[in-house]
Structures are given as C-alpha cells and as structure tokens.
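Common to both upcoming complexes is chain A, partnered first by chain B, then by chain C.
Then we have the complex of A and B:
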C-alpha cells in the first residue's frame, strides 16, 4: 500500500458532499437537458419546455450561488476527488456567480421569445439544444478555475454558436458565418498557444496556483509576450478595436433570437476571461498590457460610435453599439482600481441585458416594418405605442441616460478615470457616448416618429407594413418588457447592483480568498 | 530534439500565416488547419521530448522524477486535436456550402452580409 500521508496530499480524504456540487448546477443542468432534448429531437413541441427548464434551473442555481458567496466567500470543487492544483478545479467568486446568473437569465428570456421566431424545422434541427449548449459553454467559462478548461468551454461555446449562426442556411448566413468562424477560430488557437506556453513556463494550469508561480517566475520576458498573446486572443473574442471585424459581419445574419443571445453573452465571456486572467495570472499586467488595454478600449469606444452612425441597417447599427460597450469594459480593466472594476462589472451586466433587449426589439420592429433598413422603417409609434415606449427606454439605457441602468456605470467609469488622471480615456468615453446618442437618436426619429419611409414629409402618416397578430406580439414583448423593467429598476434603485459589483471588484483585486477556496476544497474541517 | 522541433514549429507557423493571407477561402481553411497542428506540436515540445525514461514512478519512490517527458501536455494536445478536428470538419463543410451558394471562394467577393453600396442609405435626419 502506498503511504496514506502521500495520498492525502494529492487526493481528498473527505467525502464530497452533495452541497458541494451546487457550483456545477448552472452548467450541468443545461448539459444534461441538452442531451435529453437531442434524444427527443423529433418531439419539437417538447423542445421549448426542456430548454425553458434548463435555463430556469441554471438561473436558480447561480442565484443561490450568488447568495452563498456573499455569506461564505468563494466556492470551489475539484473534480474526481483530487486536490488543487492536481485536479480540474471549478471556482466561483462573486464575479463568476453574478455573470452566470445574468447569462442564465438572458438565455431564459431568449427562450421565452423563441416560439415567435423559431419554426418547427429549426426546432427539429436542434435550435433549443444548441441554445442550451451555448449556455453550458458560457456558464462553464464563468465558473471554471483552470485555464485549459476555460479553453475547452470556449470551444463548446464556439461550436454551438457556429450551429446557431448557420441554422437555416441562407446565403447571407453562410457569408457571415465564414468570417465569424475563421476569425474566432484564430482567436481560440492563439488562446491555446498562450496556454501551452504558460504551462511551459509555470508548470501549472490552475488559476489559483498560477498566481504565485507567475509572480515567482524569472522568465519575465516570455510572460510579457504571453500576456499580450492572451490580450490578443480574448480581444478577438470580445470584439475589441482592431480585431472586431467578424462581429458586424455576422451578428445581423441569423434569426433575431440568435443575434440577441450572441450580443448578450459571447463578447462578455471574452471580457470575463480578460478580467480573470489580468487579475489573477498577470496582476501587474506584465509588459505594456494595461496601457494597451486603455488604448484599445478608447479606440473601440470611438470606432464603435462612428460605425453606429455610418450604418443604415438596424441590426448592424446595434452591432457597433455593442462594440462601443466592449470598449467601455476594456477601459474599466485598464484603469484597474476598485471603482473602475466595479463600473466594469455593472456595465457588463447592463450591456448583457440591454443589448439583448434591443436585438429582440429589432426583431419586433423588423417584423412590423417588413425590413431592417432604418430608412424603410417608420411610424412605429402610430402602429403600436407599447413597442415605441420599449424602444425609447432601451435606447435611453444604451445611451447611458437616466433613469435607466446605463447611467451609473458610465458615471463611475468617468470618476475612476478622473481619480487616476487618465484624461484621454474620459475624452474617449464622452466622445463615444456622444456618437452613440447621435446614432441612436437619428435612427429613433426615423423609425419611431416619422410617418413612413425616408421620403415621407413630416406630419404625414402612411399606414404600412404588417400588423402583427396579438398573440405573436405578446410572446415577443414579454421578455422585452422584463428587460425594460429590469433596466429601469437598476437605473432607479442601483443599490443592489452596486453592492454586488463592489463585491465582485473586491474579489478580483484581492485574490487571496479565491486561492484559498480553491486549495481548501476537500480539506478536512479544522 | 526540442531544438529541431522548435524550428519545425516556426516553419509551420510561417507557412500557415502565408496561407491565411490568401483571399481564397480554401487556402484559409488549409492555413487554419496548419496553424492548429503547429500549436499542437508546440505544446508537445514544451513538455520536453524524450524517450529514454518512461514516466512511471517506481515502487516506494516519493518525489518528482527528473528527465522524463511530461505526460500532461500530451493529454492537453489530445483534447486539442479532438476539438481542432471537429472545428476543421465544420469549417470545411461551411466553406463548401458557402462556395456552392455564393458561387465564389474569393473572400473579397463575399459581400452579401456586408454590401458595398446600401440602397436608400441616405437618412435625411
């Protein structure tokens, strides 16, 4: 028999409690139900309920996780009875948990919208299964405590997004998918290169273990290059300035529900990975990385705003607005203080909700007008007040105007930049906001208030487009109304969000708890 | 051995970068496939390449073996190969379908999703 002391150094001697598995619920529930839905793919009327259940369980699970972390600090579970750093760890702190919660919520809302947008054929072809697998990949990325495992979750997410993107197989979808597929493939390949080399330098892949080993390593030159490689890989994922071309090329091509889930979740996973890696693996930024973040972020905000003004297609305009938001998040990571990371977390939550809402609403508007060309949409307010009000609210939110949720993170971000003396970042944020207001304002006047398409004289109204059936409209407006109320609530009474973002930023900057949680998993109680 | 492998990795990276510069999508596919293999070889090299000592811990030996090839990177590559194979199969089919329905494999001519001139692009506001 081997020495029992030696075993207890690498393997846990205490049984795994059922309660410890709770950290996996947000990822395990959709995974199991996706497999079930694949088995039952011929029963297309069941698919919706399976997917709804999966997202609901994931949401409730991650909700409980959020509360557990507030009370007990970060939670961790290492697979197969190993101890960290030998086994694959899942570790959740306040940031992971709240992101997983919002991602599950967004998925739930999109599943609620789906019956209006997804026909029987697409449902049989696996639409709901792919949505669930996308959620698995996203939640897995948020909760994992191991960098190679993060790569695997990225790939799970990527391959499901490929499937969703080409579902239906229109010409335009294939065209968008070619660009999306190649650039994202390149991004994950670079992530893999950086991960392999990081293992070569440090001999570990566990985030908690990397923290000490990277700091102690003497290969500072290699590590500086690696940090830039990670920035490049996740920059592609997040659609930051010079690496963003795949996003506006692809996000307007699939069905609206798919655009919405992409907009809500995918870029945020890139941002999450940047936040995680540049606080626990490279807390000093290594090399010029933090200055680089600022430059990339500032340029992304401005280029996104300019792109939004230049677009005449509603969903492509939204794609550039999404990109502009990514720039804000990059700026937040670049400033790297408690306040700026707090603003980043808040802005990410706000952006997940509002961009999903706007994309879903673009589906309603596109159906009503029969076109996504802004010039051909008009008179929404005369056709349906409810849709017009929802659009108006979400437009204010994305511009960052009160009383909606965009105001507070933007305000805090400017304050954080001011405290650190990054005046050009403040300029970039304000110029970007101004461009956003101009783009969204111009589109709103045309779409909501003008009587018809571009040539309609002011003051005239011509009834056009299709009247939607009430039942369809009700299905589509339910998730949008929920998002509208949420963003209004987060804007009017931001305390809950600020408190959670404060915790998340604290956990990011003070990683001791995260590390302790990972290494203490399965240790006997003291 | 590592030295020669490193040079080989560099060469494959260079070849794949060259391929990916092309406008032809089929060359792009080949470039991405080459890149994936270059990465796998790179990680393989990072974990030391040696066949003299098997990575088996003798009985009653406590400690770290030296001079063995690290088996973990090889396990990582195995995962990466499987994932890379799936993605390669997908992009191959995607490229073929795109070629069939768009009638071109030149990425400059694929402009359906992003038309050069949009009609009614003049918003009067």
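Then we have the complex of A and C:
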C-alpha cells in the first residue's frame, strides 16, 4: 500500500455527496438515453419520448445547477476520485450553468417540434439519438473544466452534427455537409494543435491550473501565437467574419428542426469557448487579441447584415442574421468589461432562443408556401394570423426592438462600448442593426403582407399556399409560442436575465472562485 | 477471394479469433490489451467470416444488429460509473469486488472491467456495422 499522505495529495478521500452529481446530469442523462434509443431504434414511436425525457432531465439538472451556483458559487466534480489538475474536472460557474440550461431548453423545444418534421425513416435512422448526442456534446463543452476535454466534447458535437446534416441524403445536403465538415475539421485540427502546444508550454490543460501558469510563463511569443490560434479555431466554429462560409452554405440544407438546433447551439459553443479561454487562460488577451476580436466582431456584424439583405432564400437570410449576432458577441468579448460581458451573455441567451424560434417558424412558413424562396412566399397574414404574429414578434426580437429581448443586450453593448470609447464598434453595431432591420423588414413585407408570390399586384390576395392540417400546425406552433412568450417576458421584465448575466460576467472576470471550486478537495475549511 | 481453402478455414479461424479477443479484453487491466484492441480483433474476425461466407451469414451469427450492440456497449460503459454513487466516490471511480470462488480463491470483479466490456461492445458493433454496410453496397 502506498503512503497515505501521498494518496491524499493526489486523490480525494472525502465522500462524494449526491448534490455533487448534479453537474453530470446534463451530459449523463442524454448519453444513457441515447444509448437506450439506439438499442430500441426499431421502435420509432418510443424514440420521441426517450429524447423528450433526456432533454427534460438535462434541463432540470442544469436548472438546479444554476440555483446551486447562485447560492454556493461555482461547483466542480473531478472524475474517478483524482484531484485536479490530475483528474478530469467538470467545473461549472454561472456562465456554464445558464448556457447548459438554455441549450437543454432549446433542445427540448426542438424535440417537441420534431414529430411534425421527422418521418419514420429518419427516426429509425437515428435522428433522435443524434439530437441527444448533440446535446451531450454541447452540455459537455459548457461544463468541462479542461481544454482537452473541451476538444473531446467538440468532437462529440461535431460527429452528431455531421450525422444530422446528411440525414436523408439529398444531393444538396451532401454538398452543404462537405463544406461544413471540411471547415469544421480544419478548425478542430487547429484547436488540437494549439492545445498540444499549450500543454508543451505550460504542462497542464486544466483551466484553473492554466490561470497562474500562463501568466507566469516566459514563453510570451509562443503564447501570443497560441492565443491567435485559439481565436482562429473558435472563430471558425462561431462563424466569425473571414471564416464564416460554411454556415450559410450548410444551414439551409437539412430538415428545419436540424437547422434550428444548429442555429441555436453550435455557434454559441464556439463563443462560449472564446469567452472561457480569453478570461481564464489568456486574461490579458496575449498577442493583441482583444483589438483583433473587435475588428473581427465589427466586420462580422456588418457582413452578416449585408449578407442578410442580399439573400433571397429565407433560411439563408436567417443564417446571415445568425452570423451578425455572432459578431455582436465577439464585440462583447473584445470590450471585456463587466458590462460588455454581461451584455454578451444576455445576447447569447437571446440569440439561442430567437434564432431557434425563427428557424422553426421558417419551417412553418416554408410548409405553408411550399417554398423557402422569399419571392414565392406570400399572403401568410391572410392564411394564418397566428403565424404572422409569431413572425412579427421574433422579427422585432432579432432586430433588437422593444418589447422583445433583443433590446437590452444591444443597449448595454452600446453603453459598454461608449464607456470604453470604442466609437467604431458602436458604429458597427448600429449599422449592423440597421441592415438587420432592413433585411427582416423587407422579408416580412414580402412574405407576410404581400398577397401572393412576387408578381401579385398590390391590394390583391391570391395566396396559393396549402393549408396545414390543424394537428400538425399545433405541434409546430407549440415550441414557437413558448419561445415567443419567453422572449417577450425577457424583454418586458429583463431583471432575471440581467441578474444571471451579471453573475456570469462577474464569474468570468473574477476567476478565483472557479479555481477554488476546481481544486476543492471536499474537506471542510479549516 | 472465395476459394475453398478460405471457406473451410474461415469459420474455425473466426472462432479462434473471438476467443483470442476475449482473452485480450480480460488481460487488459494489467497488461497490454483491453476493450478497444479486443473489439478490433473480434471485428476482424467478423470481417473474415463476412469475406468467406457473406454478409447474411455474419448477421445471422451475430443475432443482434451490430448498432444495437454498439448502443448496449455505450449503456454498459456509462452505467459502470453508477456503483460509484452507492460508494460515495466521484463518477467512474474504480470499485473492486472480490467474488469468492469457493475454493479459497477470489475472482476480482471491477467497474473498470465493466467499462472495458462496454468499450468492447461499442468497437465490435460500430466496426462491424460499417463493414457490413460497405460489403452490402458492393
């Protein structure tokens, strides 16, 4: 038997409580249920319920985690009884927990929408299993406490997204998937290279351990290059300005529910990784990265807005709007104050909900009009008031107009930029918002108010769309209505979101608690 | 490839390879081996059987669909972390049980072994599923 003192230095000797397992539920529940759904994949009528349960458990687990962190500060659990930095750590602060919660909620809503969009064949081919595995990867990325495991969870997420992207196997899907897979694999490769080099320089990959070691390291040149490599790798994931091509090329090809989950979750994981790494690993930015963030963010906002105006296909337009939102998040990271990070967290939550809602709604509109080409869609307001109101609300939200949730983060972002004197970033945000308003407004005039397709004269109503069955419409509108009400609530009474975002920004800028939680041995304070 | 020599020897060789794969799987904890490499050997055995006797014979021999086996493996590996909960140690801690064999010897049963068997199922299931699909597409 080894020396007991030696063991207590590397291994945990205190019992683990049930409460500490909470941090695992957002990953473990979907993983176990995904395995069960794989075994039972011939029973396609069960798949929906299994996936629904998985997302529900993940949501409840991460919801409890959010409350726990508000009361007790960041939580951590290190696998197999080793202590950090030797063991594999899962550490959650307010940011990770609220992101995991919103991601599980979004997945739950998309699973609710799925019966209207997913046929038996796709269900048997593993649609629900892949959705659950995607949630495992996303929640894992949010909750992990170590860069290498971040990479592993990214891979879990990517592989599931490849599967979802080509499910159905149309030619256009394969075309989109090739671009998506190539650019994402490129990003992952750079991520892995940067991780390897970081390990070479510092000898550790645990976030909490890296905090002091990067600051103390003398290899400033290497670290500056590494910070830019990480920016590049996650920039691809987040679809920031020069590396965004894969997103509009791929997001309109799969079925609508898949586009919606991609839009809600995937880019936000890239943004989360940037927020985490550039506050705890490179708190100073290293290599002028913060100025770089600002330039990339500003250009992304403007290019996204311009792209949205240029598109004639509804889902491609939404892809550019999504990209414009990513630019806003990059600007928030670049300004790097409490206020700007708070705005970033809020905007990310808002964007996850609203972009998912818009993509789901595009499915309803596309189904009603029989096409996703804006020129061929028309008369939605006469066909169904409910759909028109939902589009109107979500459009206001994505533009950042009151009374929906887009207003507050945009307002705070401008305030934060103003405080720090970044006037050109304010210009970029406002120009981007203007372009967004133009694009969404034009689309809504054409799709909602125009009587029929593009040649219909004013004042005439001749929509040729097909009426949806009531039952199907109800299934599709339920998650959209929930998102509509949520974004309205967050816009009218933003206090809850602001408080949570404030905590998350505080945890990001003051990492002591995060580090303390990771290195916690479970022994009572002396 | 469908020679009489291969067709005669392949079933025997397949059986031998599967026994060897189980041996590699079980010796994995202390010596080179384990679920991944053991699974690869078993999957190669299935490939050999598939080349000599055809895909349908392999499916019949497996009885379960390979993807089901993969799912079962993931489930098993994930559930190997559950006993940690009862013992109040963090997820996936190694827990050992000594099972008496009656004659004074003990058989060491452990959660790492359950995990490894799960990995074995995942590898066999996934590789065989890919291989059979490719073989059928020809």
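Here is the rule we use: the second predicted complex is superposed on the first by the 519 of 526 C-alpha atoms of A that agree within 3 Å, B and C clash if a C-alpha of one lies under 4 Å from a C-alpha of the other, contacts with A are read in each partner's own complex, and residues count from 1 in each chain.
Throughout what follows, a residue touches a chain if its C-beta (ideal position, glycine included) is under 8 Å from a C-beta of that chain, and two chains touch if they have at least 3 such contacts.
Predicted, not measured: the structure shown is a model, and the values here were computed from it.
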Chain C versus chain B on the shared chain A, clash or fit after superposition: fit
Touched partner set for A:84, first chain B, second chain C, both or neither: neither
First, second, both or neither for A:38, with chain B first and chain C second: second
Chain B versus chain C as contact partner of A:257, first or second or both or neither: neither
Following superposition on chain A: angle at chain A, chain B versus chain C, Cα, nearest 10°: 50
Partner, of chain C and chain B, that touches more residues belonging to chain A: B
Chain B versus chain C as contact partner of A:440, first or second or both or neither: neither
Touching partner for A:341 - first (chain B), second (chain C), both, neither: neither
Which superposed partner A:186 touches (first chain B, second chain C, both, neither): first
Minimum Cα separation, chain C to chain B, after superposition on A (Å): 10
Intersection of chain A interface sets (partners chain B, chain C): none
Chain C - residues contacting chain A, complex: 67-68, 70-72, 74-75, 78-79, 81, 84-85, 88-94
Residues of chain A touching chain C in the complex: 12, 15-18, 20-21, 24, 28, 31-32, 34-39, 41, 77-81, 87
Contact set on chain B toward chain A in their complex: 20, 25, 28, 32, 35-36, 39, 42-43, 46-47, 62, 72-73, 76, 79-80, 83, 86-87, 90-91, 94-95, 97-98, 101-102, 107, 110-114, 118-125
Residue ranges of chain A in contact with chain B within the complex: 3, 6, 148, 151-152, 155, 158-159, 162, 166, 169, 171-172, 174-179, 181-182, 185-186, 189, 192-193, 195-197, 199-200, 248-250, 252-253, 312-313, 373-376, 442-443, 445-446, 450, 453-454
